[in-house]
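Mind having a look at this structure? Questions to follow.
Letters A, B, C, D, E and F mark the chains in the order given here, with residues in each chain numbered from 1 onward.
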Amino acid sequence: MAWQWFHRLGSPRWFYEKTSRWLPWLIAGTLSVWVIGLIWGLAFTPMDAKQGNSYRIIYIHMPAAVLALAGYYVMAIAGAVGLIWRMKLPFMVMKSAAPIGAALTVLTLATGSIWGYPTWGTFWEWDARNIFMLILLFLYLGVILLQSVYPSRDGADKACAVLALVGTVNVPIIYKSVDWWYSLHQPATIKFTESSSIHSSMFYPLLLCVVAYYCFYTLALILYTRHEILLREARTSWVQDHALRS
Amino acid sequence: MSEPILTLQELTCERDERLLFSHLNYRCQAGDLVQILGANGAGKTSLLRILAGLITPLEGRVLWRGKTIAHQPDFVRELLFLGHQVPVKGLLTVLENLRWLNRLQTRNPSISEREALQRVGLEACADTPCQQLSAGQRRRVLLAQLYLSQAPLWILDEPFTAIDQAGVGQLETVIDQHRHNGGLVLITSHQTLKINAMRHLDLTDFPPDNRVYDHE
Amino acid sequence: MSEPILTLQELTCERDERLLFSHLNYRCQAGDLVQILGANGAGKTSLLRILAGLITPLEGRVLWRGKTIAHQPDFVRELLFLGHQVPVKGLLTVLENLRWLNRLQTRNPSISEREALQRVGLEACADTPCQQLSAGQRRRVLLAQLYLSQAPLWILDEPFTAIDQAGVGQLETVIDQHRHNGGLVLITSHQTLKINAMRHLDLTDFPPDNRVYDHE
Amino acid sequence: MNEQTRGLFTAFTAILKRDLMLIWRHQSDILNPLVFFLIAITLLPLGLDPSPQLLAALAPGMIWIMAMLAGLLPLDSLFKSDFEDGSLDQYLLTSEPLYLTVLAKILAHWLSTGLPLALVSPLLGVMLALPEGGYGALVLTLLLGTVIMSLIGATGAALTVCLRSGGLVLSLIVLPLFLPVLIIGANAVNAAVAGFAISTHLALLGAYLALTLMIMPLAAAGALKISAGH
Amino acid sequence: MNEQTRGLFTAFTAILKRDLMLIWRHQSDILNPLVFFLIAITLLPLGLDPSPQLLAALAPGMIWIMAMLAGLLPLDSLFKSDFEDGSLDQYLLTSEPLYLTVLAKILAHWLSTGLPLALVSPLLGVMLALPEGGYGALVLTLLLGTVIMSLIGATGAALTVCLRSGGLVLSLIVLPLFLPVLIIGANAVNAAVAGFAISTHLALLGAYLALTLMIMPLAAAGALKISAGH
Amino acid sequence: MPDFKFTSLNDFLLMSGHGIYVWSSVAIALVILGALIVHPLLLHKRQIKQLKKRAAQTRAVTTNDSH
């Protein structure tokens, strides 16, 4: 019973048709949450003592960072499921997750760098988390490239899944090692790592933003996956019917 | 009739979105010699790779002695697979290459490697590096394995490529012998073999049905 | 008899200290079809590469229209050389590969590339990358050049490798046509061609004399 | 069972022996990363300003980075030729677990690249005016680090073996995974130069080695199966 | 004569177009050195210590050295596949001078490796805290330098094409010839940072470029003829 | 209930000099996140169009066969 459900979940068609119904709600929800969280954060929270108003970038920056990190695990887990149960859909999800994660990583890097200018007086600082984000970007790029240059599609899926899994094992190690390195080399100029202790009045809008980003992520993931489904199932009857109907 | 040693059940093969053949059912007894027929691009090589377990078919399964090969780790011990390419290193001498191929399969052959080389007419250049061999000579290094393996199942993909006619004659006798010793030989070749009592498996008999395969 | 268009004079070929053949003298007229015979390792490929000017023989020379090919930069304009290997890039599509080979020779063919592909039965996969082709299909890309080139001299090294029998039949007719249009074809193949009035050049007729060649 | 194990070992040793023999045939394979290593290091003073104290400060990190880049070079060809000439199919058709086959190739690769690299590193230390204290740590950490490099690299090579030019994807895959080793190794040498104990560093490296030793050959084996799949 | 020249150009453009198309098909070829470059630079501070002033001091030399090593990577494969699949024979059998053929390949190679390298270098300058003054000089000198690299590299590649793994010999041939460029280039950037004019440096680079442009393609063509000989 | 922390809209836009950083970040976020939604939708539309075209072709072919 549960298995049957699981396998229906594994069926692209089922996914495609279900998500068609969810999409409008998801879009509406995402936008509303984000608008509220962002306006609240940008306009209705007190100014940070140390950093002035530039700290407000956190409402864009931090959730992006968190999602970029979480996205890698989404990708890896999807790949693992695909490998273990030999299902098609998870591979499509994995393929879709890669560019989204990469984009969020870039967003983190960009906003972080912008933030760095007023705070550190430089766009790039060899801070542990910056480096980690850069490495994460490389990890994503590796998957994307492998996916794109692999001669056969099935091969690409499986290879990327293996790569993502190997990467997942190493991500924490990399993070720890970079952190450790930073603790040895921490320049006196930066002290923002302490800002993890966030004033509660900043906390709720930040929380809202994180939620909004999660919705964004799901939305983008679904949209990319739907496209992938249409690509791969093009020969199937239901896709052709769907194309004609729409 | 005797019990089949190799059975192909409902095999369907797809290469990059294109079906090559569908519902391929076939059964071979020990002592059979099967030539696989088909035009260029028909899917002969693909089929042989499926039979060797190197590719998993889109559908169907391959049974060896009644069990799916995927679940038999020891199936490979009974298999000799010679493909299109020649797994021979140009920098190693002929003898070294042959010895290596032999070791890899952990065989304990009845005759020595040198003897096998002599059978394929390479005794003269046993110690010359393979990059200095002609096309046919390189191929002969590979074919020397036919004299060394005790595997009952031989899968040969166009073994006669670049081999001169004398050589082809020799090979045909070896293959015939093996099959008379109760072996099973699956072979592709665009030349007509001069061996009697061959069976033929024509891929055009199993045209792709364009049914849609979405696994649900 | 008419004046020879290609003349081999006293050719002697050596590969790594070993003589393959000596004092090879031979003359071909326009309209000849010469099959070069010899066992594996006899030196057929080496001879063809000498004739194409890719290798310089140990001794002797090759005359094209009475002049040594070494001194004729334009000799290559009259030559179509198809070797063992298939100079086809796996990442480019069939059409792109053929078009490139064609441009390289700066030909202005009578028929379009697509037409040539259709002749060799590749029209279906004109736009598939070559790495997804089967052995025979890859080779066919190369052979499509036969329909495009106006070069009088064709040098073909085992062109039938991996080609199915229908394909071989086609090729034989093309070759025959070319030769009737006054072309000259030199070919090696281990299969016996079904073309009448062929000439044969057997390398065993020119055994290596073991005279010592020290060029002083 | 006993027959089984014999089988394992013959194939394992067969591959190991052949690879070493191949490498031995053109030593260039061994020398290649070495020479790259040497050249890169010798170029440093030319590109930068060669004040000894600066060089000494840079030495550990530089040697480690260059060693890493040098180790990257030969990876691309680790499985390439086997894939192109069909040897890979033969590996898959041996009765032994692919894990062992891969391990044999990795071992051969390390013996021919990592080991020499670690052994010549002191020489480069001298060229870069590395203080006395550092040499032992340099060699030790490089010995461990290069093994890890070979293990991780094998996975990358297996994943990219069927790409016409997988060099990029390879480096992109391998380098991030190798980062921890670089950091620990370079810091170990610096610590040793400063006169501290490096037992923790070595312990960390050892732990990472154990982890990769478990995961990587499996991943590589899986990747090879996938590559042979078409 | 006119017909002749047409012939020349069709073949030249044919090769150029195909190579660019090939490269485009797997952009990995373009990105390969780029990513190597990027990652190598990223690793630097992790091996050394990341204090901006130190990095700033190292930046010019480091970027140049890494650019050079990155340029070295794709060289090995410049003629390799053409040699293995017999395209090389076809080059030799075209009616046009091999000089042009080689030039076409070199041009394609530079467009796909050197140019992007030079273009991203400012980004790395930022990461290594290169002072404002240096950027213009960095890009300019790298643009010239990478062309020279491609020219020299092509000769090396042609000489080593028939070696199973010519990477070693290649780097041995290429690097010494390329050394002057490295030194001039790095010094130019340093000079620019210090606020001096770099016209002399550029003049020197230009002269060296002219020289290599005359010699190298000829040498490469000769080498290719030899390689095809067996 | 949190209240508006800026004296005026202008003040809000300037953010005491840090506006440029904050708003550029917001802009980048809008661009990237927007792209993540729009891009797949465009791909999706194109794919549908292609499928339609292919279906039309196949139908044409089959009708020809039937004649």
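In this text, contacts are C-beta pairs under 8 Å (C-beta built on N, C-alpha and C of every residue); 3 or more make two chains touch, one makes a residue touch a chain.
All values reported here derive from a predicted model rather than from experimental measurement.
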Message: Going only through chains that touch each other, how many steps at minimum separate subunit D from subunit F?
response: 2
Statement: Greatest Cα-centre separation from subunit E belongs to chain B
- prompt: Do subunit D and subunit E face each other with the same patch, meaning over half of the contact numbers show up on both, or with different patches?
  reply: same
Query: In terms of CA centroid distance, which chain is the most far removed from subunit F?
result: C
- prompt: subunit A to subunit F: how many Å between their CA centres?
  reply: 17
- prompt: Between subunit C and subunit F, what is the gap in Å from one C-alpha centre to the other?
  reply: 57
Message: From the mean C-alpha coordinate of subunit B to that of subunit F, what's the distance rounded to whole Å?
response: 54
- line: Residues of subunit D that touch two or more other chains sit at 26, 163-164, 166, 168-169, 172, 175-176, 179, 183, 229-230
Statement: Two or more other chains are touched by the subunit F residues none
- prompt: Touching two or more other chains, which residues of subunit C qualify?
  reply: 84, 91, 129, 131-132
Query: Within the complex, which stretch of subunit D touches subunit E?
result: 26, 28-29, 31-32, 35-36, 39-40, 43-44, 46-49, 54, 57-58, 60-62, 64-65, 68-69, 72-74, 77, 163-169, 171-172, 175-176, 179, 182-183, 186
- request: Can you check the complex and tell me which residues of subunit E touch subunit A?
  value: 26, 28, 31, 35, 39, 42, 45-46, 49-52, 126-127, 129
Message: Using the touch definition from the top, list the residues of subunit A that touch subunit F in their complex.
response: 27, 38, 40, 42-47, 52-54, 56-57, 60-61, 64, 96, 100, 103-104, 106-107, 110-111, 114-115, 117-118, 201, 216, 219-220, 223-224, 226-227, 230-231, 234, 239-240, 243-244, 246
- prompt: Touching subunit E in the complex: which residues of subunit A?
  reply: 122-124, 126, 131, 134-135, 138, 141, 145, 149, 178, 181, 185, 187
Message: So in the complex, the part of subunit F that touches subunit A is made up of which residues?
response: 2-6, 12, 15-19, 21-22, 24-26, 28-29, 32-33, 35-37, 40-41, 43-44, 47-48, 51-52, 54-55
